[in-house]
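Take this structure, written in structure tokens, and hold onto it; I'll ask about it next.
Chain lettering (A, B, C and D) follows the sequence in which the chains are written, and residue indices restart at 1 in each chain.
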Amino acid sequence: MEIFSNILIYFVIVPVLTLAGLALCSNKGIKAIRTVAVTGATVLVAMAIYLVHLFLQARGAGDTSEMILRTDVIWFAPFNIKLALGVDGISVVMILLSAFIVFAGVFASWKMNPLPKQFFLWFYLLSTGVFGFFISIDLFTMFMFYEVALIPMYLLIGVWGSGSKNYSAMKLTLMLMGGSAFLMLGLIGIYFHSAADGNLTMNVLEIAQNNAIPHEWQMWLFPLTFIGFGVLGAMFPFHTWSPDGHASAPTAVSMLHAGVLMKLGGYGCFRIAIYLMPFAANELAWIFLTLTGVSIVYGAFSACVQTDLKYINAYSSVSHCGMVLFAILMFNTTAMTGAVLQMLSHGLMTALFFALIGMIYGRTHTRDIRDMGGMMTIMPYLGVGYVVAGLASLGLPGLSGFAAEMTIFFGSFEHNDMFRRVLTIAATCSIVITAVYILRVVGKLLFGAVQNEHHRELTDASWEERLSTATLMISVAVIGCFPNFFINIISDSFLPVVKALGAMI
Amino acid sequence: MPLSYTIAVVAIPLLMFFFLGLAGVKMDKKLTGVLGVIGMLITTILAYGVALTYFFGSDQGQMADGVRQAVVVCNPDWLSFTQTLVVRMGIMLDPIAAMMLIVISTVSLMVHLYSLGYMCDHHGHAEKGFQRYYAFLALFTFSMLGLVVATNLFQIFIFFEMVGLSSYLLIGFYYQSPAAVHASKKAFIVTRLADLFFLLGIMILSYYTGTFDFHQLVFGSNGANSLEVAQSAIATSGGATFLGCSVMAWALTFIFIGGAGKSAMYPLHIWLPDAMEGPTPVSALIHAATMVVAGVFLVARLFPLYVIEQGAMDIICVTGAFTAFYAAAIACVQSDIKRALAFSTISQIAFMMTSLAVSSADGGLIEIHGGQGLGFMASMFHLFTHAMFKALLFLCAGAIIHAVHSNENSQMHGLHKYMPITSFAFLIGCLAIAGIPPFAGFWSKDEILVACYEKGLGWGIWMSMVAGMTAFYMFRIYFLIFHWKKHEVHTEHAPSDQPWTMTLPLIILAAISIVAGFVPAHDMVTWDGKELHTQLNWTVAGTSVLIACIGIGLAYKMYFKENELPDKLQARFSGLWEAAYRRFYMDELYQFITHKVIFQSICKPIARFDRAVIDGFFNLLASVTGSAAYGIRRLQNGSIQSYVYVYLVGALALAVITMVCVLI
Amino acid sequence: MESVGNLILYFVVALVIIVCSVLTVTTRQILRSATYLLFVLFATAVIYFQMDYAFLGAVQIAVYAGGIVVLFVFAILLTHQPGKDAQQVESTRRVLGAVAALLAVAVCGFGLFSYANFCGRQLAEIPADAVTIDTIGRFLLSTDKLGYLLPFEAISVLLLACIIGGVVIARRR
Amino acid sequence: MNLTLLMYLVPSLVMFGCGVYGFLTRKNMIAIMISLELMLNSVDINFVVFNRYLFPGQLDGMFFTLFAIGIAAAETALALAIIINVFRVARKVDINQLTKLKF
């Protein structure tokens, strides 16, 4: 089979094999379960790094095609549905991000209890969906994997969550499904206008090439798809699943959700909504720019007064993910590159945050910052990790957030109209607000006197927790220190889009 | 020494940071401290070598036609925004960078050494977090060095953030004390707010000029190497205006605000006094000698642009002059020795700012004193001397605090007898800052005053008055600490001079403070690289010395021996005294804005809005759907008889309809 | 012209059906209800005989009267204490039921009477050997156009399923 | 006087009406089953008489009735088995009181 000679398909096959392996483990055999899960994650990381290498090699060898590693396999001929694989720079880095977060997530849920086997089963099913989404360029396949990634979330939160988990799981699933409903409509609409000559197609590249969606249809389909993905990208005012969902989700699920799943939103907004409908994107950008601009400031302000660690982080995610969508809507290479960097940065940093919060919560059994204090003396490793995550979040040079945010701000500022300028300046203000809430938490949680004497008996991170967080910390630092490496991978991929958008003006 | 050694100057502290931060935990505490000092010593030697090579050598491209050139040692790309707009992480040596290398490495080395003693308790045991302390010091030194050798504006911004971070970490070193945590937070957020403006300024500037690079900003991208095209940056902006001012004026003002945040200019000064919660050597290094002058350095870096934008210059000038007076006034009444020194620092930095800003483009006095260049040179010179004597003063304060365990001067009094070396060192520092010849401060302050008088008589008089106040409050502190009345010994340990690790830096810095004024700064540190021919203006110098002596005399009268005069004056001007003591209520204002306005009136309502309205909407949607479903469920009541009934009625209705249709 | 005997038989049967049907659903004792049902079923069987479908009539008696009613009686006896009357149903329900039933009768009756042309058909003579067991057997097991093998087999499967179902349900747990 | 088709349909109709009434009003499940049998039976009669009067040459109606009787037997047997089982568990056969499985 031709398709099995394409490395991309293995990004789906490996999680599926891991699933199968997990299914064969007995419920009690925690060691076997861990071994299988870690093996799967390690293989994925190795493959992701190899994929980056392949990509750089291809580009270095002068391959300027939009997507590399293309393979098409027909699934359902009547609707021209294919398993169309292909990656460009953006997908490559997203796959890399996902692999790292899955890896860290496995270690973060090392002591998962109860039902570790079932947990990892759903966990890997979710991963399958995520990887599948990033490797495919066929609308149907993308949507299918998108759903595969969403559904396990319900069980993962509903079964292994904490707090009002039923409510949260239901809310999260329903809101995201609501988004999917919009999306589905949008995708069907796109499909039926995908070609002027009647050769309807699901392939994103072909649709973009045909550029046949009538303008009046674009005006309908663009908001549908953008909102559909925007819900997952926590766009104001569709973000409220995020605080509750994250608050109830178990550690690794929060990591994967904030770290990767929310990126599906940004990626989809770009890859489907903007890429395929440049006309409507240009026309309607102002609405979504306003919404995302509001997201940025609103999320940051909301985070300032929360007392639950996970809520703070969830609102902070609203702010940061708002920045992703904001930058994508700026329609120039710099800002869009910044958006992808921000996705990477936010993914790693929030995963780190959630991992640490999970670990702290696992020890103190509270997430209320008013009940904690002086954690730095008790658990220095986790404390340092939290500070690093916080600094990355508030955009300190040398950590990932800075490079991403600066690229976004400078890219956004390239526009000469007052509307975008004002929004950019408003977005820029968020760096101060971010500093306020991050330092507030760090000050209350880590510094100061120990609030609760029982906390003195708590232990610092165990080896698997150290491994999990260290992976993320190092990744954050690597992106922050060598942003140009990533920018070189990413930025070329935006040229077709920017060109298409430019042609509309 | 090859100038490329500057890379090592910057890299060694960074490596020390990682080494001490990661491996230090497992090492003996004292060892980490010694390693830190050794690392810093190497850095200092290299920095001196590089700086002296730059100033006195001529074989590495630093001199051309008698003009000192900036030498770019390396300039690799770091972050490419677009093909042309690229952030580079480079190393550039020019007069002010070389001078700053000396300042930073000297003070940093002194502080490293000093901390070996200071960060120990009386039994010589290192404090908790000793390694962390040295790691942070190394991080700060790295950031500051990176800042001064920056080749472009964005790199400065990056290192502004980095020094902000190190400052945050070091102020909050005693992280279990709520005051320290609060102070560190405040310092970070206030400077961050300023950095926001800095960033906006950079954005505007880079948008119109398409570059971050200083060289290109000043000389234009065509590579022309003369100051006649210095206006290129302004020219490329095409005269764009915003709200009536040119965008360049906006950009430069914003960038100045960024610098004002770091340099604690009014009204962004509020973090600096609180920052004194950190260990005293840290205050000496960061909050007196190096980081706080980053703002001055920034303005000096962009001086060729500021000179052209007179509007921005005026703002700096007014801010500087006001801050100098404001801080001096507050310093006159503070009882906490470190706070008093902090306000003194603010005042002195404001001197430097003013000095930079009084330089004007229409240099009518060029033939006499070098016109616009004089203020620049004076400012940099003062930066240099101030760093030395203010570090000295802070380290002395540290020694005193270490000895008496209090910051309040009411706990000190009459220490001269017990700590003679410290006392003399402090006295030298005071004389230097007061501007008594031949101490360092005299030379630099004199140049500043000259530059001010050239700007206008009013400016000169104002700044002279502040200089007098400086002399007064410094000697007030000195007399209150070392004289006033006999020291009461509370504990069994009488205060005494501290161990050699702490005393040696005092002696060295005192020596520098005496001789630093003779450094030929006017030959070395000028804005255009040309030598500046100055001569002592005895009218100004004489006046300023006289004013300083009056200030000292007043202080002597009031504070040398215990007497009633200060209390009487305090009672007489109680309102003014109270206001100055409470720092003219700026902290309360900030407190009000942050807590009452931002937290209570913005954040809380937004959070509540989110829960109630947005979340409420979705919950409402869900509950409406739910109750509708519940309502419909009633129809499905499970009673087969009612189903049949409904079915029957339906079937009959259909039958009737059919029949009606058929029959009609 | 019918024979008088046939006519009388018809009227008796019709009377039995009508009266016993009404009694079946109105009597308060369930056992009586089953008994009246038995009469109705017998009367129905008589109609089948009248229609010359002797086999059908026999089946009706054997399966319905002999099987089903016996089952009913068993079920009733298993679930009711003898002599204890079922309580009277509430009147609204009765009224509603009556209205629905009368409406149904009225509508259907109206329909019947308005199609009097075929409702007034006479009974046609058929050959005496038209519906012998033999014929029925052939039909049932034939796969021709009018054969009933498939439904026959379907029924047999259904019955098998019923037997198994009954066993499963009735099994003691 | 002749026995017309209508004359057979009328008792059948009455029987059906009684079945409907019984089905709607009875609370005892067995009684409901009895009413059901009445309706079924009336339909059977209709099949037979329609067949006999309208298509005397064919036997479809008769066979239909035959099968209907078979199915009715099966259905009744099963239903009664269920009822008895329910009675075993709940000790009652009144459908108004059997609400365990209701939402």
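Just so it is clear, a contact is a pair of C-beta atoms (placed from the backbone, for glycine too) under 8 Å apart; a residue touches a chain by one contact, two chains touch by 3 or more.
These numbers come from a predicted model, not from an experiment.
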item: Chain labels contacting subunit A and also subunit B; value: none
item: Comparison of C-D and B-C by number of C-beta pairs in contact, larger one; value: C-D
item: Chain closest to the assembly centre - both centres taken as Cα means; value: A
item: Averaged-CA centre spacing for the pair subunit C and subunit A, given as whole angstrom; value: 69
item: Centre-of-Cα separation between subunit D and subunit C, whole angstrom; value: 7
item: Between subunit B and subunit C, centroid-to-centroid distance (C-alpha), Å; value: 103
item: Interchain centroid distance [CA atoms averaged], subunit A/subunit D, Å; value: 63
item: Multi-partner residues of subunit D (each touching 2 or more other chains); value: 20, 23-24
item: Per-residue overlap in subunit A, given as positions that touch at least 2 other chains; value: none
item: Contacts with 2+ other chains: residues of subunit B; value: 645, 648
item: In contact (per the touch rule at the top): chain pairs; value: A-B, B-C, B-D, C-D
item: Complex interface listing, subunit B residues touching subunit C; value: 645, 648-649, 652, 655-656, 659, 663
item: Parts of subunit D lying in touch with subunit C, wherever the complex brings them together; value: 1-28, 30-31, 33-35, 37-38, 41, 44-45, 48-49, 52-54, 56-60, 62-63, 65-67, 69-78, 80-85, 87, 93
item: Interfacial residue positions of subunit D with respect to subunit B in the complex; value: 20, 23-24, 32, 95-96, 99, 101-103
item: Subunit B residues within the subunit D interface of the complex; value: 633, 636-641, 644-645, 648
item: Residues of subunit C touching subunit B in the complex; value: 96, 100, 103-104, 107-108, 110-111, 114
